[in-house]
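In the two complexes that follow, chain A is the common piece, with chain B as its partner first and chain C second.
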Partner chain A sequence: MNTTPTLPIPISYISGNYYIFSVDAATYLRREHHICGVLIGTLPLIPQQNVFLGMPLELMPEEARLLVEKGVACIVDEKKAHNDGIKSLLEEDRKRYIQDLESQGLHARRLQLQRQEQSREEALRKKEEKKAAKMKKSAEKQQQSPAAGDVAEENSIVDFFAHNQQKEQGSGSGSSSSRPSSIMVDEPYGITPTTSYPPLSEAFSDKLLPAPDVRSSYPLFAHLHSKGYFMSPGLRFGCQYMAYPGDPLRFHSHFLVSSVEWDEEIDLMDIVAGGRLGTGVKKGFLLGGAERKAEVSEAEGNESIRMFSIEWAGM
Partner chain B sequence: MADADEAAIHSSSTPSTQEDTDLDDETQDFRILNNLTFARILTGTSLSDPSNASLPRRGEKDFEPNPTLHQADILSASRNAMHNALAHPRLHFPKARIIAVYSPDGPTPPPAPKNPEPSSQETGSETPARGPKKGTGIVIHPDACAYVINPKGQHFKSLGQADSWGRVWLLPEEALYLLERGTLDIRWPCSMTGEDGEGPSELPMSLQAAYTCFIGRDGLTVERFSVFSGLRRLGYVVSRAPGWYDSEEEVTGAVQARQWPSINGLFGKFWDWFYSSNSTATGPVAGLGIHRSYNDIFRKLAIIPWYDPVTPKPPQRTTPPFRVVYHIYKPSTTFKKTAPPPPDFRVAVINAQTQPTIPTLSQLGALLESTPLDPPRGEKMSRLLYMRLRHGYRNVVLAIVDHGVVSYLRMGDAAFGKERIYDKGGLNGPKKGGHLHPKGNGR
Partner chain C sequence: MTVSNAAESPPAPSSVSTLISSTPTPATPYSATAAQVLHSLQHQHLWTSLETHPLTIPNSESPIYLISGIPPHRVYTHPDEQLFMLEKGLRDEDIPPERVFALPLAQGQSWSLRRMAAVFDSLSDEDVEPEISEEGEKAQKLTEYYEGRKVARATKEWGGKRMLLAMIDKGMGGDGTVVYYVIQEGAVKPRQN
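What follows is the complex of A and B.
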């Protein structure tokens, strides 16, 4: 889980947008680079809801650019990669890949059957326990003291089995061999892979694209990101970005971020609206942008970022 | 009524969100999934809808990071849960496996000389998808780009189009949605992989390949797809509207609008003539003469012209993206693919990046004009003033997509001028006070 994928991570460019398809890459970017993106896919586990979504991960152009500038990722023209890749796929590579998928499917089938077996046993065990508890009750009713010890012993035996089973669960593949039961390993599951690599080869050199064009808010985005904030798109809250102090999985956002140009006149109504909205959802409204100063030294770059946080303190 | 519909479209599928914030507003803790997924795995891959079983409640979050091990542990547990949930493979049970073939060149007839495959499939169980009669030469949608060899399951009741060979053709968004939810196994065609023979190759299409091939195809932007799949996940039936294509216009609205406003217009003209006989430019605003009731005076005082959404107007041209691209049917509506009923909602999809400003009045007017007249009806509507105003005479839903995050806004064509407050002796709406619900948009 804490693996590091091979760098640079390919970011798929598909008709104007940037995606991550590899789960490992998504986890890695979140953990190491504080890039969350937005999950837009259906989660195959529970496909009829919108609370938890799955791959792919859509990245804002800002996120993609940041990763490219850090040298962590590169942009791949996925249409070209697929068109070329599928046509030039070698016969043996394809066969090997299909075999791989088949063995994975077989493995998945085994796991599944094993789990079903386990759940059945668990159900049986629970039934037994219930029975035991019932017997214990009736026994207690019939004669109070003497039988109690016996039943307790019996219970401990049940517990012992339970422990054994848990151990078996932990040992994983070992248990499958020890269970000669009705597992019929006949047909493998079909698998729809998440990514196309393999079977396509990861030689992207001729399919690379330049770093994405970004909005004028990019300097502010990059600055907040460099300060450790996790950024996500914020239109839902009436701003450009949401800034989270930590992983959005665990923390609420602190700021509604809107970017403005240094010399841009700001409508007072926008400040009032933003301030009220932010305070209403217990967040600060943050206005910021790149400051243009003539005397800034070349080494620092031409920009420094100024930010203002606005809170509605109306009476 | 409209309240409930709107709530259904806005909130997540959870019936239990009493909080005023949506569950999907913010990133949820994937750890809550653990219980859910584990239960699912244990019970086998039953296709029953698990979402109604128990969706997790909102997770607890912390205010800000602190350097405690405790917090780090919880975070890493959350991330692990997320990783596991995301990494769960899309498996196809051998007997329930539905196979489709990607057809990059659009609908094509099956390989001419022999078609043993479709015929062998047809001898199997009859499928709900093969509704239309065979051999009637049903015209397959030209944008369809994948066909299902063995259509079975509930999804094909509302998706796809059967051809006369028993294959069901899917539009790109339908194919991608079914693949993404793990229902469909799409194969590359042999013609692309360079294999011998015709039809499906052994090589399955990955999720990545499916996005690559289907997004950007025939007007299917990722924004449109996000709206499609998001609504389908909630159980709505979603179908393309004529406004999908830049060239076509939906004309139903203009035609229907021309039916009864004419009477109303005549009536209005009569009123105008009757009451504007003496000018208000000089003298009292209410005019001279004998006033026998307050209502007469109020009527005379109504000197500001108001907009009546019922009056017929010359059809305007809608401009993309303010154009209905989807017809939405509630899960309770019985949907027939061959004869779709009038839609429950009409949705325009807007990419917030390319269209960062709110629509102009003329854009919005043209968009509303393209929807049929839907005056407030029913007992509740006639009783409650604000319900009526919110419902409006025409309505459309804007789906605004910001980098994959979708927000829905309902626009209603409200007619304040039609509500004669003085006739009713005061307000009898559910609440006093003048503001509209923020989601309704009066004009």
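What follows is the complex of A and C.
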């Protein structure tokens, strides 16, 4: 269960967005690095179903950058990697890959059939047991009251069907055990791999991109993340991020986070709106940003974070 | 007839206007805002021992004003503090009200994170040594509470420095409404209200 993918994890950069395609990587990042991202995958046949989404996982640029800075992940130019990979793929590799997929499909098919068979046998066995119990019961009844004609008749009907069914069961189970292996196993399940590694090789070194450009809110994001908060996009509450004190599956968020620059003009209406909305949904409104000290050279990342939590005073 | 009468004797200025014009010179927009908030705290929220504190902040020619006073009820209780009080069997009203600072701001006033931080830096984070006027069991509980608070203050467990933001709108909708928000330094978890 607790699989650790090989590090650094490749983050696929596709048309301006950052994606994770491997389930192992996604669970690992969430578990070990408190990076949740947003699941965006839906079902090809039911694209309107957007309540429970699945892989792939889309990351905010901030999340991607944080992982790169931690050395956990690297950004891969997916278009280039894919094109190069497909071109360099040998015919032999291709065939082997297709064979591999086929055998996987076959295996899946077999497992499925086996399971079906098992459940069928289980059901039949239960039915048999019930019948036997019933017959025993009715036999006892007949012994007790042999005079009741209609009851005897009913019993005979039941017996008649039971007999028939038994016959069917006998012949059915005989054929079903021989059937699946000969007819259906030949058709393998179609396997849709979620990642393209393999068949493409995982040598990314020449397709790596620099760490993503991020908004000026990144210092605050990184600071809150380092304090153990799980960060998620803040669209739902009209802020920049939401900060959860633990995994969002277990906790409600504590803060609606908005970042401002040190000398950026703050509109008081934003404080009122954020503070009032936050209090209305039992959260705090967190306003913060990187402090810029006048004398120290600004280029040198010599920044500390100042942040303020705001709640409605109720007066 | 009535028109000329009105021209001769204009309506008397409102009490806020009187207050603002009677505040110490030099009158600046900041001092006027402070006067209006002070008025609201004094007469609407019944704060006592009100004081104004001029404060010089970066990139501003004239000082801004902080107001402090003693509210009739507790303004803010941190959720963990509330739990602690519950365990000790103390209620909000058992603890004597303490001096609270308020920062008057007006809609449209130039404000930034730098200024906010400067105001917070000017606040002292020392705990005022409280006097316990009660006797007996209650005094014991209060002593325990103040000790607990001292510890929490050192670790910032119950939040860091805090004050009220008192905001008014002088333009459209300048109806005398003052809205109050509790602002605290750091990430302080929200109350469960």
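Here is the rule we use: the second predicted complex is superposed on the first by the 234 of 315 C-alpha atoms of A that agree within 3 Å, B and C clash if a C-alpha of one lies under 4 Å from a C-alpha of the other, contacts with A are read in each partner's own complex, and residues count from 1 in each chain.
Convention: a residue touches a chain if its C-beta (ideal position, glycine included) is under 8 Å from a C-beta of that chain, and two chains touch if they have at least 3 such contacts.
As the structure is a computational prediction, the values presented were derived from the model and not from experiment.
With the two structures aligned on chain A, chain B fits next to chain C without clashing. Looking at the shared chain after the overlay, A:L235 reaches chain B, while chain C stays out of its contact range. By the touch criterion defined above, A:H254 lies against chain B and chain C together after alignment on the C-alpha atoms of chain A. Looking at the shared chain after the overlay, A:P245 reaches both chain B and chain C.
Of the two partner chains, chain C is the only one that A:E291 touches; chain B does not reach it. Put chain B and chain C next to each other and count what each touches on chain A; the higher total goes to B. By the touch criterion defined above, A:A108 lies against chain B but remains apart from chain C after alignment on the C-alpha atoms of chain A. Touch criterion met: A:A313 reaches chain C, while chain B stays clear of it. Superposition on chain A places chain B within reach of chain C only down to 10 Å, the least C-alpha distance between them. Note: residues 245, 254 of chain A belong to the chain B contact set and to the chain C contact set alike, using the contact criterion stated above.
Those residues of chain C that touch chain A in the shared complex are 45, 75-76, 105-114, 116-117, 120, 159, 164-165, 167, 179-193.
The residues of chain A lying in touch with chain B in their complex are 1, 12, 14-17, 19, 21, 23, 26-27, 30-31, 36-52, 54-56, 58, 60, 78-79, 81-82, 86-87, 89, 91, 94, 97-98, 101, 104-105, 108, 112, 115-116, 118-119, 186-197, 199, 232-236, 245-254. Interface residues of chain B facing chain A in the complex, by the touch rule stated above, are 12-14, 23-30, 33, 36-37, 40-45, 49-51, 55-56, 61-65, 71, 74-75, 78-80, 82-83, 85-94, 97, 177, 179-186, 188, 192-195, 202-209, 211-213, 215-216, 221-222, 226, 229-230, 233-235, 352, 400, 402-405, 407. Within the complex formed with chain C, the chain A residues making contact are 224, 227, 229, 243, 245, 254-255, 260-266, 268-269, 271-272, 275, 278-279, 282-284, 286-289, 291-292, 306-315.
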